[in-house]
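The structure's right below; bear with me while I get my questions together.
Naming follows writing order (A, B and C), and every chain is counted from residue 1.
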């Protein structure tokens, strides 16, 4: 009895965690796949999503309205970042972009601390989301199920966008043969901007849905950045399907490890990463398969 | 035209008369300093600059010479420092040189498998993994309370006597003794690293930095040499760690945090990568400024971030590059 | 006679595209073999697979009877399989001399000397000078490679490859973007090399290919459709169709 409900709890928790990892990691991968930029400030944009969600909700806005607005705000931040500091780096070695976005990470984290302080914050959820729902002998929080649902909707929307719309197909083509796509009259500049903004919006979505799961604090971005690195490196840099597999895997492993050994759970995750990379250095599905 | 077939044109020489003179002047000045200017605060500050200078220089071996980016090179300073500290506390409180050797060996043992995985993955993933593994080490020292003291840090590290050729200088608790030890060790490490960089081995690292693909196609085992470069950088960092724990008598997890890692990266950027001495200067500037700013504002993360961004955008060659910019500017004027 | 470099049913596909499709080729131990074909025929992919830059999807490459399929690049180079690239690939910030010297050092050994000076590798230094003189680059020896004219950079790339003491040398469009005078210079060089070692040339310049090749192989959609002496290829119906399209 207890065993079954625990197992269900763990399974659902793995999916929820894996889902959040996935949205953040897919955002990173879209930016990398389409414009060969690895944004180390991505975790900070995720934190920004959580904090702006918090502020919007605490001014009395409905949670679901905030769910739409916060990612848009992060998207605007992404646009500003792309235009001011990322675009000038296009022609330079990726080492410089990495260092630059690393600086950007500290800059945004600093601004977050300056604005919201160091104390943890909590998003006020609508009453019905604070309930629990009985599932096979366990009582599972509704907001976690909502998180799962939102993750599914976002991922489905993204897949449809990339596979069914003309813009999506152009984007996919430009990740493999940018020269050809720019010959077809597509301005690569807009592809780069679009990728960065889309990635930022995804980070924002992940931020606001993760807000109620964890506490919102200034280091949440760092932890998420590292987890999403682990996901994209294991899945294969730039590989969208690889990210799906890896996110679910890491979500499950981390949930299990936290359940059994709590404190050093992350070490288990890194060990797993090291083992996978020792066998498949370019990740499970290999690098650069933008599909 | 006759060509001397034993010479190498535009060779980067280990030591030229000018560099010997410059090194000698700096060395004499550094050694004489505590005897003519007995200011404990500044002697300690310079001591810290030299230790982090060594760390920044070791990162330069990786970044400036091998073309590999490590975001958390401070982790290897940290590992070295913890190991030396634990050795002095639990095993032998007096054998300072042996403790340092154990520190280097233990750091190498940890860096080897990590490096082995990292070099197999390629350039970008390498950089991301340094961050991931660095964070892992940070978590371990933070959470493993019984061994490392967790958040409180490792305290009560003894201050052993420094013996040099059977002659006792005094204990590391004496700032002057510690300072002189640091000067000698960092000086030797600088000369040694400079020697290595100008050797045939160093030229392999440079070739990998310039063009990894081409390097493989002249017959270089790129992964293996990247690993050698990584190991060299980590060993130097662990030496800095040994000095650090002797100097501070304490180490906490913040020294191994991502934030400190960014600081080291910035020292290299400030000084100019690929020069060895540039990052040493970078460490001096960085520590002086951070010491100054942190007393004025608590939000200094914002400034650190901003300076990194501006440096990359406008002065990627760092302090060393300013000289070249000036030269070009004057030429255009003249 | 011992086989030199052979491929058996060598394949490489990208997704569903067969860039190299069951290629069987038998290259002689000396002479000049050209590989031609329309754009996108898979010439560069073929070289990439043979020289270990891309893994083969299936099939086999043998060199002097040994299976070398998917061996790491640096090992192939040590066996004497060297190449140049379509897009100039040199060590931009190193001097011309260092560009060649590092290749020579990788060939002759000494890369693990950590405490000696670079010039202490005497044989490396001398042989580097010899290669530079042969390719008439000695006057540029102290220049950073990035300062060189484009044509000189292409020659430098050949020099780097030669420093590896190749038994077989793959040249991927060495004359791309060169002036007629530079092309003339490099074609004489290639012809000279082909008398000593085996040279495999991928080239678009038909006049050049027809004038200097011993044997020509024609690739089309990843497969070899014809092989023979220049005059045979010129008169081959299938080759004409591949280039000009079939007349309806």
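Keep this in mind: a contact is a pair of C-beta atoms (placed from the backbone, for glycine too) under 8 Å apart; a residue touches a chain by one contact, two chains touch by 3 or more.
The shown structure was predicted, so the numbers you read here are calculated from the model rather than taken from an experiment.
Chain contacts in this assembly form an open path, with each chain touching only its neighbours along a single line.
Comparing each chain's Cα centroid with the centroid of every protein Cα atom identifies chain B as the most central. Subunit B has its Cα centroid 34 Å from the Cα centroid of subunit A.
Here the spacing of subunit B and subunit C, counted between their Cα centres, is 41 Å.
Rounded to a whole number, the gap between the C-alpha centres of subunit A and subunit C is 44 angstrom.
Within the complex formed with subunit B, the residues of subunit A that make contact are 38, 40, 85, 88-89, 92, 94-96, 98-100, 102-111, 113-114, 222, 225-226, 229-230, 232-233, 237, 263-264, 266-267, 270, 273-274, 277-278, 281-282, 287. Against subunit B, the residues of subunit C that register as touching in their complex are 51, 53, 72-74, 77-78, 82-83, 85, 89-95, 97-98, 101-103, 105-107, 110-122, 124-126, 129, 133, 138-139, 141-142, 160-161, 163-164.
Contact residues on subunit B toward subunit C in their complex (touch as defined above): 1, 3, 5-11, 13-14, 195-196, 198-204, 206-207, 210-211, 213-222, 225. Those residues of subunit B whose C-beta lies close enough to touch subunit A in the complex are 63, 67, 69, 71, 113-114, 116-117, 120-125, 127-129, 131-133, 135-136, 139-140, 143-144, 258-259, 262, 265, 269, 299-309, 311-313, 316.
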